[in-house]
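Each of the two complexes below includes chain A, the first together with chain B, the second together with chain C.
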Partner chain A sequence: MTAERIDDFPTRQIAGYRVRRGRPFPHGATLVPGGVNFSVFSDGATAMTLVLFERGAAEPMQELPFPPGYRIGSVFTMTVFGLDLESLEYGFRADGPFDPVRGDRFDRNAILADPHALLLSGRDTWGVPPDWSRPYQYRSMIALEDFDWQDDAPLRTPTEDLVIYETHVRGFTRHPSSGVPAPGTYAGLRAKIPYLRELGINCVELMPIFEFDEFDNGRVNPGTGERLHNYWGYNTIGFFAPKAGYAATGAYGMQADEFKALVKDLHKAGIEVLLDVVFNHTAEGNEHGPTISFKGLDNATYYMLTPEGYYYNFSGTGNTVNCNHPVVRDFVLTCLRHWVAEYHVDGFRFDLAAILDRGPDGTPLPNPPLLEQLAYDPILRHTKLIAEAWDAGGLYQVGHFPNYGRWSEWNGKYRDVLRRFLKGDEGTVGELAARVAGSPDLYGGRGPAASVNFITAHDGFTLNDLVSYNDKHNEANGEGNADGANDNNSWNCGVEGPTSDPEVNALRLRQMKNALAILLVSQGVPMLLAGDEAGRTQLGNNNTYCQDNELSWFDWTLVDTSAELLRFARQMIGFRHAHPILREARHPLGVDFSGVGLPDVSWHGVRPWEPDWSPGSRLLAMMRCGRNAAGTKDHVYVAMNSHWEGHDLELPELSGGVWRIFADTGAAAPYDIHEPGTEPMPGHPRRHHIAPRSVVILTGSDD
Partner chain B sequence: MAFTATLSSGSGAATIHLAGELDASTAPDFHEAIDDAVATGAGRLVIDASELTYIASAGLRALVFARQKVAEDVVIAITGVTEPVLKVIRMAGLDHGFAIATS
Partner chain C sequence: MTVNVSTRTADGVTVARVEGEITSTTAPGVQDRLLPLVGGSGRLLIDFSAVPYVSSAGLRMLLILYRRAEQAQTGVVLGGLSEEVRFVMSATGFLGFFEIADDLGSEMGSVRP
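On to the complex of A and B.
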């Protein structure tokens, strides 16, 4: 028998609703016995009103002004009793000055979404055109947090052991060939977990899943006249709400459950979940953008403003979130804690994270309090924190992002030099050595897990396009091919775009294998772009943020037509998991730490122990030596040749045992890669011919 | 149509027969029937949904409530569920711990 509590009772009526003064924390709408506690912060508001809607109705059913006594500091709070949780939508109306020079943009005509809303309705089913005449587009809703997690627990996979797979919830299964019951949804992705397991990855990084509006892109495809979407979703509306349009059950308001079911089943399959989060800007744009939430509640707190009251634009999208303001810091921290505690996610990748270390006037801070706070937070303590360590305002911090021993980085330098080496550029082998060894020059004090290595990501060419196009082809984006990066470091192997030339296609396939091979033997954390394992193409478009169509979707027929590449990728991932020496938590130093008679890393050329570091060199071999999990000796030799000619390699002598060929991208399938235990020996125990533009991987054990 | 949740029991099973519209306003009646069913100590709980005319997300949540309320070794069978409702239950991941039969 629960004792009745006096604070469970209303003390007065407002607009026909029984209410009492609420509790200021937590912010947002929280279930309390008999009612809902509403709490919202606004420093500058002179008055605040809670606006209640019946689900789906255009006009509010009631407006409840917060009485003066319901304001504590700058927090307005009220508990409302007897609400129908399922059919309720709510928002706020904030009254205050409109004085942009002072930073205030209050508008009492706007109904504002709750920044802490746990669900948002309004874009419940992807692609259903909204009714723009409605006064309140994105409607806050209450979420019930009664999902049965069973015994789900964080996997806590060591960061250095991760193989990350970056994907888009909709794009992964939206293609008709996916064969799942609910294409393009959380449930669809959940149905593809067996594929991910078979591939061997142990971590998915989901492009933004916080609620956004796929209709906030006004452009059309000039070729087809079709309306373009905001497909990627880097334009957040609700930071606490999972995107409803990604849920097959969004129309039922059950997107939170569906997303949780996905996380739970990924965990059961041994796969961690990272979220790509966008705290650098919001969907409210600049002074010409819409007023959705923050702008109308407390513009001067949430955004970086110039002395004249305009928006700083370090994000390239109109506004910049004022991340190191104490109130905004709390907001970001609360949000991340919510996703870890309520949704069991395992970590985050922060979009344009360099913005997170700028102060309110945009100056980079030497000791940014937000980053420090996230690094030491008790709830985030064992999560992965990965920074995209640059922004659109020119701040580039790869190698020196403020990290507090916790943060990893997307290693943009790894991507750039790998691409340049692969296409055969001069003067790359010196830097290549540093990058494949975990970039000790950048992360010496932090360990290789600080380096997320990648060759491709959602931003830029897919792997297939990297070897098929010299230039971007973004005409379909409606900006005259002016959008997207120009420094792609790509090479089309002789023909721009698709070709029937068998030699060009064979070279492209080999180049893709070369890229995957080097990525998966590099020290650091490899990240694959979804579909690259099967040669997905975007027809040369390197910025498909607006393309909700076959340009972006994973065509699952590739799994059959690119079976050779897929097999190679699976084997390479398996190889990485089988060789702990490739994923040690410390950088190799060229020292024999494990007593195997050879240093942990050494460099070689055509002749052993004689690497050619000259600018014209296009061949480098790396040997990694140590012990495997069972404590026996393990050796891996990786020869990387971007020269258009083959070379006869003399192999380093092992301290015992023999070399076996695990992979040779110059060999025709199925001899390009071998099942563990079936690796053949080279024709001569100390010699192997490396073909033009090829990678050879040998293993040696002391058996 | 008014919602009703009727409990009957016999031969080791408790059966809750649902009829009408199950939504946020009627879910408490369902919860009450679940409590009563638990009190019978039956080893098997059957939820007969064949005469439900409408089910909202609160109704689906009531199923989760039933699973959490009833001892783990008690089998819960849901019968007479329509295909669309079954699909939502599966997509949202609420099907754990139920034996579900469609109508």
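On to the complex of A and C.
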């Protein structure tokens, strides 16, 4: 039996290339025996041309029009034989009407990127200024998709067991202090896996790694005159292509292999990989933006358009992807499947996900087909799906994002009330109780894993800045400090910005410990912002999307200078892993399931069983009865005091057992937190003094 | 573009010296020269001292060769890797699959003419 197929042979020549009619699926460029199969969709194009470049050349080497018979439905498809895969760049030229009112913006002078391109060239090395005179900036390339994954398999860590660490591939190791061989790259991050293991996190969430153009920001820093970048990359050019500029080997076109090597080694270390994906808009902007791909292929399909043919702007960035159009749904689904099947990623965080449930005219749909499809897709079935459940068009869906029993959410309400409690606001204790118990008021029926709890994220202040600044300081962004959020719920502890005042600095350190302590004992899924465990600062800038410099990069000297905070963070993460009661898959009900006489959760004040829910209350204690979870029997008692005065706590009685002090942020290091097995008992078995603005965590057994 | 492959054998060790860039263009030819060396008993040392660049397709060719050698129980060692080639192999995870000779001289000692 021969391995050859009878359709492995060209049937004709076009422009000197041997070709045959191709296959419409899959879309994009696919390796077939002896050649490459090209397939591209356009509903309105009257003609389509495949444009071939020799890698790096300014002008095309050849253009191959698709013959009329090479069109199936609205898909143009052709197999081209004898191409050199490594030196080939390609694009499409689509001809059709320019009639914006009807939604058409065809431009036969533009050479368009393939929406399904597996690699894109043009920004191969981060920060190398592009030659803007080149007519075609971003070129599609073919990827060799074979990779030896060996026995890599999805970790399938239960969602409720995750400790997520949100980071930026470049920012994590770009700082000169990182000490890795390839700073600012996938390989650099891979070299830091031992640090992540030691920290104890088991999931990294990577800010956008789909190909984008760091040069699409025209602003300059008014202070320094330096050009600003698009550093964060929430402006996708290629949804199937890993960013080349994040790869040490991007100049060789090996970014796919380098990223896969990162994922493979993270999995070996027990760390899952989530991608922050941006399907709400693209880098093409509005009618004044560039024509890169979708706009020139099928503007009316891919974008939400007003009746006059302008772009709806629910994303705040110029355009809005028409996510619930059947063709676009397919595109999104194919893209996510690609990242799961080909790159072995474990899940996704969807930027401005509320847009994903808007219909073509922007109306929120009660049963958005895209979200349902992603929830039930066989390939995505066990991946994590996390929604940023709001958008820039005013849709706020925290607690009621269409979820199909699958979707989790960034719990913005957790962030807000935790911040307000920490700074000492009145009237927060009641909501605090709901949030630390997994927000049953928002996610009852869905379970605590629906709630991704966080206090800081890439958007907004870092943890250090949350306790060091009352106001944002975004002047370096070149917009007169008008960008970035104003409702930060932050408190500077007495001085705005860095200070040498030891009391202020001691309070800031304690406040950071308080935040980490509460976050890591809260039910739900905790998410840390990278660097917060070591007090990373952005000098009060709460929107560093454009700052490719030390404002954003993780300064690794903090690992030494903030050793006390880092030790605290590591111990807290370890504590969470050691206490299943904090990670239960169901919400606590205040019921004693175990029969030991203690409910699964109970609330206390200065006196046991007497929580103070009054508006002026700034102290709340939570007790979790360990007998109600498998694999542990220790009880956990957490007293949270945001009052500026200390209080003498009376501790709940344990039948025959004793309380031991695991953490007390009011105590000086090293007594702020204890290695398991070395926890001291309180001076009095049923009393403990909680210092001003402190968190105390006790463990108890009833043996 | 051509890549030269020269071989010599002594005491059960075959040394294949490759000269030139291994890319999608040259990799098939290099593979044709190297594959027949797999399957004999003993070891195959591939000398990369004269290889300035190995592309993505070149790395894949090497890995396929390595897999074939594993099946045939031939030991394959890569020697003389330039800093650049070693860096690319390290960043993409390919390096971990291979046995690397840091000191080409001592590895080749037994096959000096």
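Definition applied: the second predicted complex is superposed on the first by the 691 of 703 C-alpha atoms of A that agree within 3 Å, B and C clash if a C-alpha of one lies under 4 Å from a C-alpha of the other, contacts with A are read in each partner's own complex, and residues count from 1 in each chain.
What we mean here is this: a residue touches a chain if its C-beta (ideal position, glycine included) is under 8 Å from a C-beta of that chain, and two chains touch if they have at least 3 such contacts.
This one's a predicted model, so the numbers in the text were calculated from it and none came from an experiment.
Undergrad: Putting chain B and chain C on the same copy of chain A, do they fit or clash?
TA: Chain B/chain C on chain A - steric clash.
Undergrad: Between chain B and chain C, whom does A:Asp131 touch in the aligned arrangement: first, second, both, or neither?
TA: neither
Undergrad: Now for A:Asp487: first (chain B), second (chain C), both, or neither, which partner does it touch?
TA: neither
Undergrad: Taking the superposition on A as described, I'd like to know which of chain B and chain C A:Ser87 touches: first, second, both or neither.
TA: In the superposed model, A:Ser87 contacts both chain B and chain C.
Undergrad: Which holds for A:Met254: it touches chain B only (first), chain C only (second), both, or neither?
TA: In the superposed model, A:Met254 contacts both chain B and chain C.
Undergrad: Name the contact category of A:Ala182: first (chain B only), second (chain C only), both, or neither.
TA: After superposing on A, A:Ala182 lies in contact with both chain B and chain C.
Undergrad: Can you list the residues of chain A that meet both chain B and chain C?
TA: Looking at chain A, the two contact sets intersect at 84-87, 144, 146, 148, 181-182, 185, 187, 247-249, 252-254, 257-258, 260-261, 264-265.
Undergrad: Once bound in the complex, which stretches of chain B touch chain A?
TA: On the chain B side, the touching residues are 23-25, 56-58, 60-61, 64-65, 67-68, 87-88, 90-94, 96-97.
Undergrad: Which residues of chain A touch chain B in their complex?
TA: 84-87, 144, 146-148, 150, 181-182, 185, 187, 190, 247-249, 252-254, 257-258, 260-262, 264-265
Undergrad: Give the list of chain C residues in touch with chain A in this complex.
TA: 23-25, 55-57, 59-60, 63, 87-88, 90-94, 97
Undergrad: Within their complex, state which residues of chain A touch chain C.
TA: 84-87, 144, 146, 148, 181-182, 185-187, 247-249, 252-254, 257-258, 260-261, 264-265
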